[in-house]
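Mind having a look at this structure? Questions to follow.
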Amino acid sequence: MIAIIDYGLGNIRAFANILKNLKAPHIVARRKQDLSEATKIILPGVGAFDHAMERLNASGMRETLDDLVLRHKKPVLGICVGMQILGRSSAEGKLPGLGWIDGDVRSLRDDGLHLKDLLPHMGWNQIRVDQDSELLEGLKEAPEFYFLHSYYFKCNIPADIFAEVDYGGYFPCVVQAGNVYGVQFHPEKSHHNGVRLLKNFWELGSC
Amino acid sequence: MLRSRIIPCLLVRNNGLVKTIKFTDEKYVGDPINAVRIFNEKEVDELVVLDIDASVQGRGPDFKMIGDLAAECRMPLCYGGGITSAQDARHIMSLGVEKVALSSAIIQRPDLIGEIAEEVGRQSVVAVLDVRLDRAGHYSVWTHNGKTETGLNPVALAKDFESRGVGEIVVNSIDGDGTMKGYDLELCRQIREAVRVPMTVLGGAGSLKDLQTVIQKHGPIGVSAGSLFVFKGIYRAVLINYPSHADRERIQQGQLP
Amino acid sequence: MRPYQICINCVMDTTDSQIVFDEKGVCDHCNNFYESTLPNWHTDEQGLNELMPMVERIKRDGQGKDFDCILGMSGGIDSSYLTYLAKEKLGLRPLVFHVDGGWNSQIAVNNIEMLVDKLGLDLYTQVIDWEEMRDLQLAFFKASVPFIDIPQDHAFFATMYQFAEKYKIKYILTGANYSTECVKNPMEWIYFGTDTRMIRDIHRQFGQRPLVKFPLSNILRHKIYLRYLKGIRVVMPLNHMPYDKEEAMKLLETKFGWQRYPQKHFESRFTRFYEGYWLPTKFGYDTRRVQYSSLILTNQMTREAALKALQNPAYDAETLHQDFEFIATKLGITEEELTSYLHLPNKTYRDYKSRLNTFKWGARAMKFLGMERVVKR
């Protein structure tokens, strides 16, 4: 059972629609009771880092999520800001992140990562695969996904970086540490590439 | 490399899709859900849907329709029309929409931009400027379906909106709307040089070459069109169309024959 | 209760309650074909000789005009192949005419675009007001009759005739053909799309909004007035030359990047749902029997293959579920409501007002006068 965390941010419906079409059992989780049967977690997110952390902490699900992810090692997929909050902190805000992956969120602008000074990074961009990832199984060599963000995730452990994207310079867009996965782009809005990635996430762990 | 976005723009009136010429002379195009579904299957980059009567009629968005349309989209959807509060914006986003487009509401009350950005993030706030060239040859912004003249200059307005936290600016040439004679390149240039947020041009695209021209000059940029993707041929036959993947590549590379 | 019987020649059976078998066990659909249709159906030189004078006339009458005929195009294989034929082989200059009933699939739209662009033809579309179409389709569901695709059928043909009349066009080309349609759907299954009286009665009883923009056109007007007094002719070129469906598809794929449909009638998602699920489930009518029987009679399919195919449902469960939901959403109703229509007691065309007598009389007259070969029954 995949739990899509609804803490007030992110395109929950889009995920639910895709999982429904894939016939993947799923639940939209709003309270900790909804997580009782979760075997995998999707953590969407849009907007600002602090806002996301505040809402997640206030949702009543924070403890259960920590438990599921850190103790029970359930696979979790963070998307966009949902990926950024997997880190320890963000230059965008003051609150600490979930700390599930060793990394911090930084500003694209401050680090000179942009084209012609245009931010947010908005549109379809090709990713460069650095290491084979189960999430990208079955996709062609340099697949495109839809990005919409102004901050990015900087990994402290290079082995956690599985794919990068070039926007005035390369930065991580697919990260993984053990059972914790994060993608900076929006698979729920990236047509067949995104659907395939979500299918791969759903099928993680089965042969 | 970030690709320029090619974006069909659909206008909704009375639950039906319509297409206008210079904001009048409307032609019925059909059922919005089917059109959106077809665009989705064609894997378009992004889609904009605008309810052109909401503001004029002083009513809010049709949430049911928005939800139904969003359910069909595996690409980002931007919705505009009748949004006047951060609450509206949040509700719309919760229905599965990525971005909300605002025009008259933020011209009347610019603080709304910040309020909505606070709720849903600035990347999701899109300002739409409908622009006409006045008799003196100056660009001027209009609202309410091209019926109310604001007297404001689009460049100044765009800069102000940028400073207030808007994530994207769509500049729409009313004079070009539905004419299929090409984008207003001068207007495009002025806005492009004035702001550092993503921008999309709309109004006048008549061929894939028009898209290519703007992309080659100003990419990465959004190029949006209504008539081009909805009509075909001299009889303006309604037929949903969109460049093939091969043509999209050519457009990005500036290699259309 | 009539005992079950299936034709030994084709695959039509007693789900067509009016079917008649001869002493050998061959049905009247087959016998009609062999006796009436086949002897008069020429796809060789004779066929061309029958067609070419008409083609020449069309060209002559069209001189100096932007186009010399209109061609009804759905994006399906018949009308697509016809478009190619009309332009490339017959040298005609058709205006490609498409009626959008709100259910076009992406493949259909794409196929129309491919053909129109690559053949350099002009396109005209008529978009039916969706709110009215939807209301009318729902009315037909509520009427609990088998022929719920009449709104689309009627709109298609009424629009074309109205256009032809308005712009004084004398020739309409259609992709109707014996090759894949020599066996017709029994009237009990799919009633005439041209009976305006039936449409109006059903709308009056179950419709919720007035039919204002929807094209309603009286059959008498078309078959008699427009045809004989105004001289509008319907031409079916596919009957005058060899037409093998598989070969036609291959040719279009190669030449134009035309795409096959994953299932029959996928040009319109509604029609696919209707024929693949609604008709068989609610009424026990499987239109594949009709389609396959036509192909058997024209040697494009073996009876064995047809029988085998009929053993599987037309729809796999997964696609069906998706389509059921899609149809309900698009019609603006819940899935429960759609299911409730499924369970209404079945009605037939006899339960509503009709012009059936006029049709029967007219059809017999036409057959007698040699104007029509096979009469729908």
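Going by the order they are written in, the chains are A, B and C; count residues from 1 in each one.
Here is the rule we use: contacts are C-beta pairs under 8 Å (C-beta built on N, C-alpha and C of every residue); 3 or more make two chains touch, one makes a residue touch a chain.
In this text the structure is predicted, and so the values were computed from the model without any measurement.
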Centroid-based (C-alpha) most distant chain relative to chain C: A
Central chain (by mean CA position): B
Maximum inter-chain contact count - chain pair: A-B
Whole-Å gap separating chain A and chain C, where each centre is the average of the chain's CA atoms: 50
Chain B and chain C, separation of their C-alpha mean positions in angstrom: 39
Chain A-chain B separation of Cα centroids, rounded to whole Å: 28
Chain B: positions in contact with at least two other chains: 71
Parts of chain C lying in touch with chain B, wherever the complex brings them together: 98, 100, 102-106, 109-110, 112-113, 116, 122-125, 127, 129-131, 134, 329-330
Partner chain C, residues of chain B touching it in the complex: 14-16, 28-31, 33-34, 37-38, 41-42, 68, 71, 232-235, 237-241
Of all residues in chain A, those that touch chain B in their complex: 11-14, 17-18, 46-48, 51, 81, 115-126, 144, 146-150, 166-167, 186, 188-192, 194-195
List of chain B residues in touch with chain A within their complex: 1-5, 43, 45-46, 67, 70-71, 73-76, 93-98, 118-124, 167-168, 196-198, 220, 222
